[in-house]
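All remarks here apply to the structure that follows.
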Amino acid sequence: MTRRLRMGMIGGGPGSFIGPIHRIAAEMDREIELVAGAFSSDPVRSAAAGQTYRIDPARAYASVDAMLAGEAARDEGIDFVAVVSPNHHHLPAARAALAAGIPVLSDKPMTATLAEAQELAGLVAAAGLPYGLTYTYSGYPLVREARARIAAGAIGTVRKVVVEYPQGWLAGEAAGKQAEWRVDPARAGLGGCIGDIGVHAFQLAEFVTGLAVTELLADLGAVVPGRQLDDDCTVLLRFANGARGVLLASQIEVGERNGLRFRIYGDKGGMAWAQERPNTLTVNTADGRSEIVHAGGSQLGPDAAARSRTPTGHPEGYLEAFANLYRDFAAQLRGEAAPLLPGIADGLRSMAFIATAVSASRDRAGWVALDI
Amino acid sequence: MTRRLRMGMIGGGPGSFIGPIHRIAAEMDREIELVAGAFSSDPVRSAAAGQTYRIDPARAYASVDAMLAGEAARDEGIDFVAVVSPNHHHLPAARAALAAGIPVLSDKPMTATLAEAQELAGLVAAAGLPYGLTYTYSGYPLVREARARIAAGAIGTVRKVVVEYPQGWLAGEAAGKQAEWRVDPARAGLGGCIGDIGVHAFQLAEFVTGLAVTELLADLGAVVPGRQLDDDCTVLLRFANGARGVLLASQIEVGERNGLRFRIYGDKGGMAWAQERPNTLTVNTADGRSEIVHAGGSQLGPDAAARSRTPTGHPEGYLEAFANLYRDFAAQLRGEAAPLLPGIADGLRSMAFIATAVSASRDRAGWVALDI
Amino acid sequence: MTRRLRMGMIGGGPGSFIGPIHRIAAEMDREIELVAGAFSSDPVRSAAAGQTYRIDPARAYASVDAMLAGEAARDEGIDFVAVVSPNHHHLPAARAALAAGIPVLSDKPMTATLAEAQELAGLVAAAGLPYGLTYTYSGYPLVREARARIAAGAIGTVRKVVVEYPQGWLAGEAAGKQAEWRVDPARAGLGGCIGDIGVHAFQLAEFVTGLAVTELLADLGAVVPGRQLDDDCTVLLRFANGARGVLLASQIEVGERNGLRFRIYGDKGGMAWAQERPNTLTVNTADGRSEIVHAGGSQLGPDAAARSRTPTGHPEGYLEAFANLYRDFAAQLRGEAAPLLPGIADGLRSMAFIATAVSASRDRAGWVALDI
Amino acid sequence: MTRRLRMGMIGGGPGSFIGPIHRIAAEMDREIELVAGAFSSDPVRSAAAGQTYRIDPARAYASVDAMLAGEAARDEGIDFVAVVSPNHHHLPAARAALAAGIPVLSDKPMTATLAEAQELAGLVAAAGLPYGLTYTYSGYPLVREARARIAAGAIGTVRKVVVEYPQGWLAGEAAGKQAEWRVDPARAGLGGCIGDIGVHAFQLAEFVTGLAVTELLADLGAVVPGRQLDDDCTVLLRFANGARGVLLASQIEVGERNGLRFRIYGDKGGMAWAQERPNTLTVNTADGRSEIVHAGGSQLGPDAAARSRTPTGHPEGYLEAFANLYRDFAAQLRGEAAPLLPGIADGLRSMAFIATAVSASRDRAGWVALDI
């Protein structure tokens, strides 16, 4: 029997939104089991989290180092860490794990700054260990179907990309744990909306098209009175093949929930997908045909088909998409190919995107190169 | 720490569709852990399943009795069984578990026949143990929201119910393990479509309205040439308060996937929900207002709100709905109230529905009472 | 120049809903011009209507006979009449026109009773004049596209038909001119909902499939307390080729507007269309493909294409569908073929449907033949 | 009786798309009648058009001047002209009509250039005659409902506007009369997509919000190889109150038909509407409620309610929206208020928008003021 892989979580303590999500995603396919965690630097809180996750109390640690040491001393210690702590902890957490020879799966963003991301890229290369980034939306089966079809020429040469990520939950005063850090430059970094969700749209656009963004023009705004970080973003894009693009992200669009979506047009067709209705992909062709491709259905290619757990008509969603990334990471740990899992390259490009967009907008710089 | 509950699975061997679904659902909230199974009566196949599920090889048994005995002998034996074997095994499996003092969560239908269901109802009553039935669709948060709102009078007195369950996958020759048993009277029982999916629609109609069906008129047909069991069903309904209803279920509607849905109308409003777009509920009122209620959103009542794992805009689906039933069952095992989990009453009524519909249609009996 | 055809309207006086609709539809393509009317038997009201329609005051008559005589005396008298008066006037109006050698386009229903319809059928046959019935929904381009594709075998042999017509506007006390006559047996005839809208669903089902209903089982109810006529109808259908069908019509489903729709399934595919979103037709095939056919688009056959006035993406609706029937009738008057315009056969079958459904439901007769 | 107003058409000869549309729209409410036309400068073609429209052959003229003279000589000459000729004819046509004391309703754009528009504005002011511009989409009832609700504060202070107009029909080689002139700088003017459809989006954004655009940043591209005019446009906007905006228009997005739509967000709510589904308006509020407002329904304000011809659930579309503008213009001619009909101010602002966007994009000028 191939045993379950053992995961240690870094972060994800009481009140965390994303920690429990990672736990569900990691364990969904029974490839992986949460066995340990450095959930908080406060021992009491870390123990409380361990209790919530129902793990062995002895394996709820109060620091990353303690976890790495404690697990190394066990016969059945952790196989990898999942980093879900605040952004500025991503680098130290990953650094410590890699130094201990432990692979890393990290929540996005890769790090707090581009410089940190570059440092981490070097560490990963030197360590020669698996490293993955949970750009969740690239785990949706129909996102992968879109990618595969575009790569196979279904819409011809990509000419135009529209990617949007509307939300409305920060349209008022930011209240609550999840909101407060996102509007605080000390905790969120340079970017607000652009770093929180704009970067998801950016990564998705590159993921689905297989094309790199080479230039951008950014217009970031802070709409809510008194807000210091951007909460509404428009970024014009140019891709490596000359394709034109637009990226819209906002957290002040009242009534929008989590509306990540893309429309991609080539010279022979077009495609559209939206995260809130993730089980259909629209495909149009230049002869006037409009097709709806259904998740789990018979029209899917092998990658998308393999990432459904239920027959067509049984909706899968965000958690299952997230679990597909863990499945990919588990495959990598077992020495199998899982090339679609976002990793260092996505991380570096994403951090460069945030840094470039923030500086270009602040300086009203017009079109600037996105170098990485 | 409240430990995870330990589950033994009965059925769910190689090639099973529903076994892995139960496993994911059971473990999603880390309330429960799959630790043992009598996955098949063939020892080799049971062992293979155990390996797929990554459980301890010693706990993959070749019979229910072996599992019950083996687990009873362990300090950390199973806390309950999940019955996912073919329909005619449901009664013996549940009987054995109950005799061993083990609670039962069973896939629908309760048993193969109404007589068996009545026997099982007696056994459960005598044992005084928790018993649940996974009528999955009653686990959707917005189904519960609809139920709660209707109970609170949001649409006034219910007058009309339309519940539909269209599928198309049995429109041709039934091929493959999942299809073949469903069209074979020896394995599926008296009912084909009516027992496989019509009964889901029936249970959902009663669950959401809180009203019992008291009379029905059934017209079941076998559309595919040569088919012995019904594959297309129309059933007219009357509810206890006089409300009129229609239940449509079919497995020969080409292009339909898993289209369970309901529309319920009262004298003050109406509601509509569809399983393939489960994250919205439409609510109309007699003054002309049309509202869309979103899963995870701020307009939800407590029960629906508590059954979302992610914020609004992050689609949850079939597996999460299923997991809500396991969460309810775990609560019952821990001595907490979870009154919405379907159980004996739903099971008996559902079996009576199937039996009554089949006989009434065969006899062209017109309106008949649904007694139970 | 081929001149515009001259129309005289019978009925459509002050407060009429359908009169102005007919006027718009008739004139939309400039094939026809409203020039005269017997809008009301009250001379003052007929004159007022004429003023509203902005016709020559001398041509607003107070009786059908006066109009027929007056127009016959003119060089440029009317070419046909449009009958839009209450149902029990349909026969005398048509009889008078035919006797005067004037073709008739009539609003549905054909007459107030089946016996009257049979009389009218004889009169039309004897007169040898064009007669059309405005079953509006058969004028939608995508309804015709569905009909043409089904006739061409796109979904194989039709096996199942679901046709629905939900409305909610009579869920409360019937108030206002439009509501009051519909719930009054003296004015509406034997059928309430079944005659007002159920018959539209019936005609549409036969129109699109090209199949005749041969048997039915009707369950008509009067849901609103005190109502004498049916306001909620379920009718099971069998078609000439053995296909199964269900017809649902209701006027008490709060929140529904004018939701006429159909889903038709064959052994090779399925189709769905809904009047409230009339510019798309969904076509599914047994290999799992789902196609959206767009009004005005390049995938349409000749009949549907010829019945769009604007390019794809410019929504056309109810009035344009209605105008397509007038276009057909004008073609007939000019001696051209327009075989899809509903006429005597549709009228007779529809009246038989109403009569049969009402009596079968009243008598709880079970399955009965639909003879005509 | 208030007689029908008499319209003379300028342009709209054989092969014209928009001429017949104007004719249908003008006559839909029987306020107006097409009686004359200078359909083409070729007498044969003008006569042919007159025959198609079924007007008196004597009133199909070969020049605007001939029509104005001929009609002036009649007792029942035209009351106004509808200008539907190519863009560069708009000014001379309007100038001639105004000089003859004849009011003008013109298709957009107002003129071929901003300078011409300014000249025309002066002529209209001097003449003191009604002048309207058919920015069609502002005639939709739910667009007016959105405007009225926003003006009444339903979404609070407008903060963000996203307006889009995707089309795909010029993604390939431009073939056919309608396509060819649009990609030819000699006939279309400076702007391609921006002038053809981008300007509709611009006008709609200002119309619905009641706010003027004060600054813009334009990025216009010519995507199809060899194309001289823009076919894909992104324009960032700032409104007078500081609100941020984005305007996307494209004619190379394969599979898009006529997807004009807007989403407008304030500090208290948001609204969304799309031309291809024009009979619903989505309204969200900051407390999490989502409402669907239906055309023709009871939730509408007076202006929107007055612009529906059928009850809710009977789809109205593009032609009915267009007809609402003619109804407004007829009201103006009769001396009644119809303040929502677009006119000189919309025309000037639109022409300035096109000119500014084209020059700013060509010069990569960044943010520029939109002065008018």
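Every chain is named by a letter (A, B, C and D) in the order it is written, and numbering of its residues begins at 1.
Definition applied: contacts are C-beta pairs under 8 Å (C-beta built on N, C-alpha and C of every residue); 3 or more make two chains touch, one makes a residue touch a chain.
All of these numbers come straight from a predicted model, not from anything done at the bench.
Asker: Farthest from subunit D in C-alpha centre terms, which chain would that be?
Answerer: When every chain centre is compared against subunit D, the largest gap points to B.
Asker: From the options B-C, A-C or A-B, choose the one that repeats interface A-D, i.e. more than half of its residue-numbered contact pairs are shared.
Answerer: Same contacts by residue number as A-D, out of B-C, A-C or A-B: B-C.
Asker: How big is the gap, in whole Å, between where the Cα atoms of subunit C centre and where those of subunit D centre?
Answerer: 34
Asker: From the C-alpha centre of subunit B to that of subunit D, how far is it in Å?
Answerer: Between these chains, centre-to-centre, one finds 55 Å.
Asker: Nearest whole angstrom, what separates the Cα centre of subunit B from the Cα centre of subunit C?
Answerer: 43
Asker: Which subunit D residues reach two or more other chains?
Answerer: Residues 256, 290, 294, 297 of subunit D touch two or more partner chains.
Asker: What part of subunit A is in contact with subunit D in the complex they form?
Answerer: The touching residues are 155, 159-160, 162, 166, 168, 171-172, 217, 219, 221, 223, 232, 234, 236, 244, 246, 248, 250, 252-256, 263, 265-270, 272, 282-286, 290, 364, 366-367.
Asker: Give the list of subunit D residues in touch with subunit B in this complex.
Answerer: So the residues of subunit D touching subunit B come out as 287-294, 297-299.
Asker: Applying the document's contact rule, which stretches of subunit D touch subunit C when the two form their complex?
Answerer: 1-4, 17, 20-21, 23-24, 27-31, 34, 51, 53-54, 57, 167, 169, 256-259, 275-279, 294, 296-297, 309-320
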